[in-house]
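Okay, so chain A shows up in both of these, paired with chain B first and chain C after.
Our next item is the complex of A and B:
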């Protein structure tokens, strides 16, 4: 095993150069007046925090949190029964259905977003075939449906992988001891699948929280989300003094969410088996 | 371990060598699809050089890329106000007009020249194309044409509850449209005028904020009308003409509006200043300028080139092609102060958050 270690060396360098160093840069930028494109001496500065008093940042942050939460709950309500249903099927059907869930994920995300944009247009493929249209572009509903479609599989997979490995003897035992189906589910199956549920929650919540391409396309930028604001701080307003620093500070706040989630995952799922 | 490091060094050195070639290289930073690639090829052939063309999506992106200077560009084609800002930041060098032999035989259109000569960018720019901002609308609903022609800017700001209206998601353009609607100058930094503009943007209740996607939304019927650049309209108009698609959209330019001008500039840190001048000079050669303007389809900045394009041979004599017809009012952006810039960004952010 030791000889293998050196082959991880390039990856280590890669991670240091493109993950660790940029993250350190973000931290320094967030708490200083450093100008990213004109590196020079800098001083520590906490004025960047004023950005959190701006109403549009508060709106975007709360939007992101609310939508991510709604999307996660909906994914759970839809995803859990789907995952449960999958485990009851024969191996062959199971494989086909799982493939159907995975296949769309191999399509580029932007293509899938554009597809939803077409579906939500007044003149869509549905207008041609069924003579109905769902012109909801630029609304919260479009954003939520889009996010849900995009991240639902990430709720289904971890729950499915836990349920699928569940020892059928546990269920038999529960029934032997006189529990009916509902009791078995509530007292045995669900608690044992909690690890998958937590993974699923995090894997739908985090990407929904940081989405930026989707709200831009489906929400017509009327539904501001924090990912869009961060992008704007870096690219559109990058030329403004301290704009990048403020963007860095918001990114770090989001990063804290990710780190907290990761810690939570490692607590409930020590082997990381629900992470695909 | 040592062997591995050696391998790494050898591989990276080889890669670095592959990147080198003998030809001098000219780095151009421009808008996407905004220069005839065949003419760039012709230039490469004629001068035995290679041109690297980097497209950018906005003036702000260009400025950010210039400032980042991970690549040093030799030619950039930003717009008026950003050139103004770049001059103030001391990031551009004056054009050496003596090297531009073709410039002498061309005449910058008087009205355009008067507009930009009034700012301080003149020594740094070679005009490239110009146009206006206006209202693109879907003609499927016959009422719209009359409404927009009668209401002008008010059509965008007062009919948000009846029609679906899109607004450009750029502080400068959105605030300018609101200022024009209220009858003020696009560069106004008067607080009460800016406040009125902000209120107008908030009250308008736009259905969509976008950029160059707005034109597609209007044409597909997702929106009834939107603020767009004349170039947005032209490009769709030409595509429709070429493909023989029925044209279901039109462009209205209110009587007083903004005129934008894109111009070629040379950054201060350009590596190949002489070649940059040759490049500019090449694109000023009358036949090249005509061919290039025909490719991009925007109004050319030079009288003889403009006359050629509106001649029967090229047929660009449609109504809105001239950015500055006699009797109209046209205002050109200047960057203004950093304070004003922060203010208009804040106005747009607040306007978008208020719903």
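Our next item is the complex of A and C:
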């Protein structure tokens, strides 16, 4: 079996090429005047940091952090009880409900966003059929509800998979030792499900933080988020001087969140088994 | 006393059920809207004007008088599926090989490789997309279909690895050694002993890879340049004027869901039958 080790080596090279190299290069871009499209000698400069004083970046960044936080907490408050409830069902029902939970994810994300756009319009097929109107397009509420709809399942799956593997003997033992339901939950069940909770937090927080197509559509560009600014810096204004360098700096900031999440996830779940 | 505790348990169960129903309603609301628009006899889709299957037949059978929009949309669908098929095959083969390699490592290195493997899974799509765009520009690969294909292979491999490694862990390493002792070459032992025992993991990984590829937007968007459009990128350019979205888009989306359900049912039924035979 040991001779098979060599098959993992090309993967290391592959990951270095596509993860380490671009990260280092983004750092260089963020702290210099190098142009991505015209490589040449460059000098270190810290001027790019000036964007963090621009009000549009501050607004976008604080919006993103607040919405991502709200979405994650709401997902947890809804997702945990649902995941818990699912584990109490029979094997067969459990399987069917989990499959039904995955099913909406097979719909293109952008198509689902356009569907929410119709739901939130004052005059739409939703109003025509259900006779209710929720005209909140262009508000923060629309953005938060939309993000919740996209990423809530990613809170339920990891928590469910951890709770489902929990040994029922642990719960019995806790009850035999005189703990009531609440105590059992707080002292036994919840701590043992922490790995799933951490995965769930990360899998909802990071995508919500960096969303850009959703706030553009459901927020009508009135609700700026940091993903929209990154996209603008890299694509729309990509050929303007220093635009990509500023974009790289914002991306590095986002990467810090990913790295922090990463350290957290490797603490609670060494081989990433709760990720799928 | 016992009665009140039972009541408490019942009410807690009831609350769980209610919350679960609400969650499902919330997640399925947009899916229902998508389905209704796809069978609604109205182009703009503001009102419900009766049932029709014309959007489906327009999408699938109208080859004589397609509008220019439909021609572009079909090209985007073709690109999406063609990229998804190729990236799934490449990622499944490479991911399986890498997983076999990772599984053979000692524990410390294996955990390290798995951490590395999980970077693209945890990283937000926008970071992955920008990173890949930067690499391709750096090695002066012009952005287009090839770079999108490589990008899809890149984000799919970790899912294949994550789905194959647990199956490999359960495999008895002596089986592989036995095959070697009995005169099988290394490749033959992999093919005849390892692969058949991890096939469910491989198929599962391939399915995740395919569904991820077919629905990807962000990573494709950053790695595609201006010449290549898949369905998501095409849709994104049209989303600025959502009222111009044609119901054929929603018909396409419903078809994709139905096909995915069909494939998954087929595979799981086949697996159940196999397990029964055992």
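Assume the second predicted complex is superposed on the first by the 254 of 276 C-alpha atoms of A that agree within 3 Å, B and C clash if a C-alpha of one lies under 4 Å from a C-alpha of the other, contacts with A are read in each partner's own complex, and residues count from 1 in each chain.
To be clear about the criterion, a contact is a pair of C-beta atoms (placed from the backbone, for glycine too) under 8 Å apart; a residue touches a chain by one contact, two chains touch by 3 or more.
Treat the numbers as computed from the prediction; the structure is a model and nothing was measured.
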Greater residue coverage of chain A in the superposed arrangement, chain B or chain C: C
Touching partner for A:6 - first (chain B), second (chain C), both, neither: both
Which superposed partner A:222 touches (first chain B, second chain C, both, neither): first
Which of chain B and chain C A:235 touches, first, second, both or neither: both
Which superposed partner A:55 touches (first chain B, second chain C, both, neither): first
First (chain B), second (chain C), both or neither touched by A:135: first
Contacts of A:38 with chain B and chain C, given as first, second, both or neither: first
Touched partner set for A:123, first chain B, second chain C, both or neither: both
Chain B/chain C common contact set on chain A: 6, 9-10, 36-37, 123, 235
Interface residues, chain A side, partner chain B - complex: 6, 9-10, 36-38, 54-56, 59-60, 121-123, 135, 137-138, 220-222, 224, 235-241
Footprint of chain C on chain A - complex, ascending: 1-12, 14-15, 17-19, 21-23, 25-26, 29, 36-37, 39, 78-79, 81-82, 84-86, 88, 97, 99-101, 103-119, 123-126, 128-129, 148-149, 152-153, 156, 181, 202-203, 206-207, 209-210, 212-213, 216-217, 227, 230-231, 234-235, 247-248, 251, 254-255, 258, 261-262, 265-266, 270-273, 275-276
Parts of chain B lying in touch with chain A, wherever the complex brings them together: 1, 4, 8, 58, 60-61, 63-64, 67-69, 85, 166, 169-170, 206-210, 217, 220-222, 338, 341-342, 345-346, 349-350, 352-353, 355
Parts of chain C lying in touch with chain A, wherever the complex brings them together: 8-9, 13, 15-17, 19-20, 22-24, 26-31, 33-34, 36-37, 40, 45-48, 94, 97-98, 100-105, 110-111, 113-127, 130-135, 137-138, 154, 157, 159, 162-163, 165-166, 173, 176-177, 186, 190, 208, 211, 214-215, 217-218, 221-222, 231-232, 235-236, 239, 242, 245, 249-250, 253, 256-257, 260-261, 264
